[in-house]
Each structure stands twice: as structure tokens, then as C-alpha cells.
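Following this message is one structure expressed as C-alpha cells.
For clarity, chains are labelled A, B and C in written order, and residue numbers in each chain start from 1.
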Amino acid sequence: MLTRIFQSLREHSPLVHCITNYVTVNDCANMLLACGASPVMADDMREVEDIQSIASALVINIGTLNPMTVPAMFKAVKKANDMMHPVVFDPVGAGASNLRTETALQLLNESYFSVIRGNISEIKALALGSGDTQGVDANQSDKVTADNLEATIAFAKNFASRTDAVIAITGAIDIVADAHRAFCIYNGDAAMSRITGTGCQLSALIAAFLAANPEEDFLEVTLAAVCAMGLCGEIAKARLSEQDGNATYRHYIIDAMYHLQAETLEKGAKYEVR
Amino acid sequence: MLTRIFQSLREHSPLVHCITNYVTVNDCANMLLACGASPVMADDMREVEDIQSIASALVINIGTLNPMTVPAMFKAVKKANDMMHPVVFDPVGAGASNLRTETALQLLNESYFSVIRGNISEIKALALGSGDTQGVDANQSDKVTADNLEATIAFAKNFASRTDAVIAITGAIDIVADAHRAFCIYNGDAAMSRITGTGCQLSALIAAFLAANPEEDFLEVTLAAVCAMGLCGEIAKARLSEQDGNATYRHYIIDAMYHLQAETLEKGAKYEVR
Amino acid sequence: MLTRIFQSLREHSPLVHCITNYVTVNDCANMLLACGASPVMADDMREVEDIQSIASALVINIGTLNPMTVPAMFKAVKKANDMMHPVVFDPVGAGASNLRTETALQLLNESYFSVIRGNISEIKALALGSGDTQGVDANQSDKVTADNLEATIAFAKNFASRTDAVIAITGAIDIVADAHRAFCIYNGDAAMSRITGTGCQLSALIAAFLAANPEEDFLEVTLAAVCAMGLCGEIAKARLSEQDGNATYRHYIIDAMYHLQAETLEKGAKYEVR
């Protein structure tokens, strides 16, 4: 399954339209190129519909909002929904400010998202309508552990059912769920959280995977993307010398995606169905 | 010729004012520093004239537009034109949205550009007034090949004549033309297209080359910059290990520019006059 | 002293809110993560108070201004001042345009800054109310040398006294001063000025150091951050191969911060009291 999904991505080179934050936008673009997709970043109200109409997927990432991009996000999602394009929503920092929480909730209310990906605090903020996200990082008390895994899976399935989206909660253990089924993913490395934007890159990556696999089950497609990102984190980690830190690690993850083969993904993916 | 042009750049350290997209702006800044120039990014209406007045060249890159930067671009170009500073225009994504095409055409109409650099689809969109650019990448059907090279050169010369600018069409084969003469450049590597922003960096680089060589023939100065960028792509490629991908490649290209010597450029440049 | 300050940073992982330019924002985020802090970038008027209220420090960097972020800066500083959070001010390009100089002066007038960090031309522009900063780089004629060191120290102490802030003037020799005491710091490497954003990263770093050390003397905390940045520049320099240039150097500096130990900082710091 992962092989087929990943090969389709490499073959189709989908154009992915991102409305994303200015902190990690360059990494998102290079990650999209690394996986075989083509990025286009456009957030001006006057062009988001044109751009979305030539693209195959949309990413909405609220990592840095401003009064100009917020209405552009609504317009772009509407266009993508009208065209039946997959849309990935990354509610960066939802729960950390009213603006982010409210914007995220309103987007959720007015739009259809194929996948919603965030850390546990962000997803809780969306589900509960408020939160205490620690900036753009999950709150320590929210962290997914062996102890609360069962409950978190149930929460993810429930939120998937309410939103009709695949829910991807990423952290030490990643959870990908729809209303009926969940995957727990054990790929990745803790040091990835010391790099800015690995979450943003994953959201962009999911959009590329979806765009190239419109006929597949989006739960499985999201699983493939999450495994691929985590696996690249592992491959990159193995290359690091003693002096390499988070900057070099960042590039090696993108490099790993550039060279990733379908069979490596199939063999290296560590997940279980729940 | 290339030696003289390149040494002048290293000696003069020109200040280059960029109004550019937020995706690749950091790479443009580091590439400018690598070549010996000094970057200043400023796109607020209220300061673009001040900043342009202390700079030696201007780059206008429409990779990400917004309602605030578009008028700032017009104001900055006007100031640069008044001061007889060289201006490089990079119509990123012209042909992919009405906003980009219209903005580019209006800029072209009201301003004088020293050099216009883009991929073949972007330049065609400017010349024809509309297009079907695939996001920020050239459309496959537009690609410059041995078969259509002659016609593309004629097109570039014609557009150069109409705009009174040097036209640089970059791709597998790069074409640099004024109304009377064209160069075909064979430096570079296909993998450069898998890095976001190599085109943006080249546009910034051309501006630095022009700023340091105001008395030279701008066709030859542009040729020097295009050869230098392609050659750095080759030098960087030769350093890549089996595991290095587009992220590491990106940095090695900037590193190569940092160390490039005039004689290396002179020897390594692969071009012909047409 | 440096050991204690640095260990406190590693232990506390403070959340640092940055309103900064879009050129080097990604480097600032990764540098904050490298030192053990957590970055949050937010510049929308409607959320800067919320974000500042959960953060432990604020960075105001005017490297790229626009009509939306300027009022957000004033609002964020006011909130930080009300909450007694440390605020670092980086007046990038003050003296290069009226907008930058005026915005910086107005911020200075209406707010309390814990630390003001800039190159000599920027700090002079603030102190004199006008300047001729060469873009974002210091003017050659302003450079701090052995000849004008004494006078520059006196100037820094005087400006510290007027503003009640610690003044950090960075360049070949770094000067950190309050009204009564100054440190001259001899760490770092000239090649750091060929990387965009080392100054911005240092400003973010100072904010992280302050946030983790609210009870310490901010002059000494700033000294620790400036020494740490310079030392990482030296450690990274030693790793560079003959082909590595400013791009690789940039990442190695962040990598060096990721691995920096308190004892290495204590031993490697090169400074004198003046």
C-alpha cells in the first residue's frame, strides 16, 4: 500500500498551493521539491483562486497570520472545496491566542478539510474551542504517552467523525485517524522537535501525497506521508556527526526525502492499526 | 571579459535593494553576500525611495505579491529609473494568475528594466500578455530544446528589442539576448530545478553584477552572471555525496559562489554567440 | 558567572516571542531552538498581546517593516513592559531610511528596552537621531577599531545611561555596556558578517538568555549571549572545509550552539571589563 502511494507521488509531481507562514515557508518549498512535487506559494486575495485552480491541492497553515492572509485563506479553501481538491489544515498555535483559535474554528466551520494535522494541544484547542498551547509547541501536560494513548486515539476518532477529516496528531507517537480506524506511528526521532517547521513540512507533504492519490483512502495516504517524514528523520539522524546539530539535521531530512525509495518506506514504516 | 566583470563585482561590493518574495529571500541575501555584494530587503512604500537612493541596483521579484508590496514595487522602480540604477525584473509565475500577469505587464509598461529574467513560460506570458505557467515552473510544452532553440533565440531578440532590456530565459539551456545578439549558455545542472529559488538567486546576482559594472555592455554582464550561477551549480554538484539531496545542494551552490575565482569563471563558462 | 547564566537557559527553555523580519526569521527560530529556547513568531495586531502574555521575552527587529507590523510592535512592547518581560530591540537599518530611523526613535521614546543591539552605525543613528547606515551594514567610517575604542565605549555608556538599557554594539570588537561598566568582547570571526542574519540571531539569543535569567544583572547576561554567539562562530569556523562558504558556515554556527556546553563557554569567552 505504501509503495503504491509513494510511487504515485513520484510519478505525478503534483502542484501544491501553500498559504503558509513566513518562518518555515522555504523549508516547505524544498520539502515539496524533495518529494517530487512542485510548490507554489500565493496568499494574495486577488490570485488565490487562480492559483488554486491550476494546483492539485491546498495547504492552509496559520503559523503567522495577518489581516491580508486570513481572508485569502477562506477564499482559497472555498475554491479548493468547489473543485474537490484535497485541503490540509495545519492549525499552528491554535490555543495560544484568540486570533489563532477563532480563525481555526471559523475555517473549520465554513470549510471541508481532507486532513487536519497538528500537535496534540492544537488539535485539542480545535476540538474544545479553546486551549493553552505553549506557543507553537504542545503543552507538556498534553503529551501523548503510553498511558493516555488509548484515550487519545478515541479522541482523534471522535474528532475525525465530527469534522469528516482525517486527523493527524503528531508527537513522540503519531496518531492518524478517521472515524473508524486509527494508526499509531512509531517512526521519527525526538530531535526533530528541535528543528523549526518539521510539522509544517509534514503538512505540505501530506497535501502532495493526497494530490497524487485522489482515488486512495486518505487515511492510508496520510499514514504514508507521516511514516515517510518520520523515516526520513531516522535516516537523517544516522548521518549526523558529533558536531552536527539542528541546522544540519534539518537539511539531511530534506535530503533523505529527495532520495527516499518506495521499498525503503515500505520496509521502514513502523505502525500499528488501532 | 568575464574576468574583468567578475573582478569588478568583488572589488565594488555593491549594495543591492531587493523587493522579493518571502519564500527565497534568505537565499537571495546569502547569495548576494557570497558573491561579494551587500543585500538590503525593503518593501514598505514609505522607505523604498530612501533605500533605493543609497543602493546601486534594484531587483523586483513578484514571487509573492500582496496589496502592500505591489505599489512599493512601482515606487521603487520609478526611483531607480530616475537615478539611472540598473533594475532586474523577475516575473515569477507570470502566466499563472491574472494578478501576476497584469502586475508584470503594468510594471513593464511604466518602467525601464535593464534585465528581465524568467523561465520560458514566464517570458512568453509577458510577451503575449497571457500564459499558462505551471505555478512557478515552466510549462513542459514550452521547454527550450535543440529543436526550438533557433525560434526561441529569435523570440528573445524580438522581445529584447520591444522592451529595450536584456532578456534572460533560463532553463536546461539558458538564453541571454539583446536586440542584436544572443548567447546560449550550457552551464548548470538539471538538479538545480529541484531547489526552490535558484532563479530568484540568479536575478539578485545579475543585479549585483550590473551594479558593479555600470560601464560595461549589460548583455555581457548578464552573460557573466548566468555563467557564474551555472558554474557554481556544477562545482556544487561535484561535491555531493550519495546521500546529499536538494537541501545540501542548495548550500553548496552558495558556498561555491563564495569561493568562485575570476579565472575559474573564465575557464568554466560554456557559451556560444548566436 | 557565564556558566550559571548559560545553565539557567538550558534548564528553563523560555518561550521567546519575536516580531522580526522575513529575511532571517527562520534562522532566528532555529537558533532559539539550538540554544534550548522555544520560538514563537507573531506580528498580527490582534494577537501580539495574547502571545506576549504566554511568552517570557520579546524581540523587536525592524529588518523589514510594513504598515501592519509597525503598530503591532508598539502594542507588543507595551504589553511586555506592562508584564515586566525583558525586551530586546534590534534597530536593523536605522539610519538607512527615515522610516527605520523614525520608527526606532519612536519605539525608544515610548518603551523601555532591556537591551538594544545593533551595529555601530545603527546605534549612532539612534543616539543622534539620524545617520547614514549602509543598508543593514555599518558604514565603513563608523567601524570600531583600537583607535576609537575608548571613545566608542564612552558613547555606549552614555547612551545606556540615557536609555536605561544595556547597549550591545557588535562588530569586529563587540561592546556591551550599561551606564557604569562596559565589556569588550573578542570572540567571533570576520566571516560571520558574510552571513545574513547573524546579528538578528544574536538579538533573539539575548532575549532567550534574559528570559531565563530574570534575576541576574542584564549586563552580564548580555555579555554571556554575545560571547556564546562569537564562540559558536569560532567553533563553526574550525569545522569548515576549503570548499565550505557562508551557507555551510551559517548552519555550523547554529549546530555549534546546539552542542555548546557551559564550561566551553566559560573557558572560551574572551572579554575584558572597561
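To be clear about the criterion, contacts are C-beta pairs under 8 Å (C-beta built on N, C-alpha and C of every residue); 3 or more make two chains touch, one makes a residue touch a chain.
Everything quoted here is computed from the prediction, not taken from an experiment.
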item	value
Copies subunit C and subunit B - interface residue numbers shared by over half, same or different	different
Turning angle required so that subunit A lies on subunit B, C-alpha fit (0 to 180°, nearest 5)	120
Centre distance in Å when subunit B and subunit C are each reduced to the mean of their C-alpha atoms	33
Multi-partner residues of subunit B (at least 2 other chains)	22, 26, 68, 250-251
Subunit C - residues contacting subunit A, complex	15, 17, 22, 25-26, 29-30, 33-34, 38-47, 50-51, 54-55, 68, 239, 250-259
In the complex, subunit B residues that touch subunit A	21-24, 26-27, 63-68, 93, 96-100, 132, 134-137, 194-197, 242-248, 250-251
